[in-house]
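Both complexes shown next keep chain A, but they swap its partner, so chain B is in the first and chain C is in the second.
== the complex of A and B ==
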């Protein structure tokens, strides 16, 4: 993890397909590559398979009964889509932030420390304090909550809760963070703060690879370096965000961008 | 034209709304009056006796002022043993059904079996208990036989409420914990159970109220013999040791049933007194359930 350089391919999918209920193929062969330090936006109309694809990357689809993922997913060059892959180890380094903020019914501090403690990573109060502070600072939440770390996370606003979830994910020291429409339940100002947070994580030079599903084209434009467009279970086009937005090649993509559907 | 139609429509909806509200208010009112009538009637009939000197502190065999001390003790002890057995089993079954059980016919068969168990008449459960625990296993008429009969009667209710409580926790909490590399078990214990705890505790206490008043399942299993207890006894195997689970025991509800069956002068008063005490206990369980549930919910959200 430590020797991740800016441009190493962290995650690569090859021929990844997803089938629900054993018959409904929701995602057809998808090949994508994600690099450290980059932010990739996944866009496309509702139901096109963005979340489905995202959930492949941390093997969360395994939690859905009767869902099958085919193909290969390389993480640090190793195929993780195998029966023997240790899901729990894997998810410690591939974090995920959901559409609805999901703080646990614990204090702000405990929300951050919960998983690292469970994984036996923390020794002593100093380490805990430091982790709480750095994670909250990275997620741009520290100044707002530093005096009420012992209070319930549920007392925070929606945007703060979402940033807490990001902080909680960062506290796991992942090298990949997956976001599934992290701002769709938030107001514009909270959305803006979260976008800033994502950008600052990308620019911090830690080589964290971030992948964000979004319905908001401006958001994709603001936060991402690369963009992949999905349409009815196909990954239709991918490229730098600039190129995708200014010179789309596929007709469906240009229709989508001009708002003809979606 | 369209406007008049709309007006008529709005009026009709308004009327329907009024009628529905009226009917519902009547039904709720009727239930409340019924409950109040029963409670007040029994309390009025029984309060005198229940508060009379010695009633709560004398054994039922007392010649001068027979009381219900042992029945009271036995009721609570029986409840305790029942909960000690049924809560862990129900918790385990509910967790298994919600978190682990594969979606197949075995699981749905298990769910159906649990539901069926809940609709078995308690007297039949008592019959089974008497045949199996009392006779086949040779435990005799005993607290443990009674508690196990009550357990069978309690498990389906508890499994259902705990299952519901777990299912009511947003799925996103579960997914978030799994996405942080926690195992299902860690997720269940650290995220799901704490979040469901207020509802679980409320469910347990409400079920305790039902168990506390159950008579039919106990008549053939723990019996209706007036116990002779010696609170100073230290020999757990002694039939007079209050905590010996292999001794017979008579609970308040069974006591009422027994006295009604053998009409002797003065019995009626004791029956009403006992009924009043039983009722107050059950009402207290319900109040406790609400208070505990609220308290836990508040503690969980504002820690």
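== the complex of A and C ==
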């Protein structure tokens, strides 16, 4: 990650605060910066606000009634946490992968092409074929499904479905991908493949910024360059993953790492 | 405390009681089918009416010994299909509103309102149809509508009657689509409308089809309200939607008063009943088939 263009700050949050039901504050004044080409892990015990924070970054929290997001979120230097921001336009370049794989009730091919087609990006079958192939290759799924692209995506295994969701996200050519505990519904082998996929996307040099919420600390250690630790709605400590795991400064973080709670 | 029964014999009592319930239900179903089949088939086996002329004959004039049920079959299917065509867009639209647009208002106010429609007795629909729908037909189509009674009137009344069934089941169908699917679509920058149309409706398709077919089953079997607005012309084929006609159910009811037990006319009415029964079985079979296919796809 020596390339200077890759180290541009893509996303910066300032004083981001989230309240549910108008009174319950789930996240308190969080400042973080995410750079292109980096993988950042958000860790912390259940209910610490890490997923809530992640869902701010593509304004997904706006889909939840009575959820308020305060503060500023800068994407390419522009504050997106405004009333006038076009959420749908924004989410074309900030992709998201969820805890449960969510392939649509369509064929594998149509799952990839659905959004790009709807957004009028594709012209002709050649472009479609190419996009399907490159996206599936990036998500390390091509070899397994290349002969059954027309089959229902629901026939795939859980891990394959999740990689299809990653491929679907990549097909939109985003520069940020958010992962909300993408492996918690998967077996260890599928988990390993997903982690490799995330690493290969990071190392492909496309400058894609990846942010992953995980409750699995080994996973954070394996995939991320930087880590941020959340606790009870506060972002407690952030740094390089190596520093966070080997030399935590905050007592709560070192307690968490040594398994005193979580 | 009273002495408890030993566990084993208590279990046996439970098994016997529930088993008897099942046996009773099965007995009722089997007896019903056997009886309708026996009486209905007598037309062909005992009275010598040709089955094909029964199915394809264009004149239902029992007093002349002419048993062509095709006008009734056509009547039944046309009111059923038309009423579904009328009811489906409204039901689907309301379901989308309730689930996707305004769940609070929809659930609290709209859904109970629609469910109120279920409780209204069919005779009330019939009276309303007679005085409102038939009159409207006369006003709109003039001479061509005659008295206003006809297939179109029947279909409109039926559409209102099946609306709550189709709406409620469609609401359940859309509601059962996991929220993750919607978020998955939003995460790709799709708008609400794209999400509803391409993701939610598509995922809910099998359940929506079940909703439609249950609505059709109800429309197919409804008698009284249809009888009051359709005109009751059984003897010949209807030639247009404004023509007075009859359905399998209405012909069965109106024919019963003229038929003496054991006569050909009497058996022919049972044959109509058998036809109705067979159609309901087909509807139910289709629902099961859809359910199975849906389960396999989701598997």
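Worth pointing out:
In the analysis below, the second predicted complex is superposed on the first by the 258 of 262 C-alpha atoms of A that agree within 3 Å, B and C clash if a C-alpha of one lies under 4 Å from a C-alpha of the other, contacts with A are read in each partner's own complex, and residues count from 1 in each chain.
In this section, contacts are C-beta pairs under 8 Å (C-beta built on N, C-alpha and C of every residue); 3 or more make two chains touch, one makes a residue touch a chain.
This one's a predicted model, so the numbers in the text were calculated from it and none came from an experiment.
Applying the stated contact rule after C-alpha superposition, one finds that A:168 touches each of chain B and chain C. Contacts of A:107 after superposition: chain B is touched, whereas chain C is not reached. Once the two complexes are laid over each other on the shared chain, residue contacts for A:150 go to chain B alone; chain C is not touched. In the superposition on chain A, A:91 contacts both chain B and chain C. Of the two partner chains, both chain B and chain C are touched by A:119.
Taken together, the two complexes place residues 58, 60, 63, 87-92, 95-96, 98, 100, 102, 104-106, 114-115, 118-119, 152, 154-155, 165, 168-169, 172 of chain A in contact with chain B and also with chain C. Contacts from chain C toward chain A in the complex involve residues 178, 180-191, 194, 198-199, 202-203, 205, 297-299. The residues of chain A lying in touch with chain B in their complex are 58, 60, 63, 65-66, 87-92, 95-96, 98, 100, 102, 104-107, 114-115, 118-119, 150-152, 154-155, 165, 168-169, 172.
Residues of chain B touching chain A in their complex: 102-103, 170, 172-173, 175-183, 186, 190-191, 194-195, 300-303. For chain A in complex with chain C, the touching residues are 58, 60, 63, 87-93, 95-100, 102, 104-106, 114-115, 118-119, 152, 154-155, 165, 168-169, 172.
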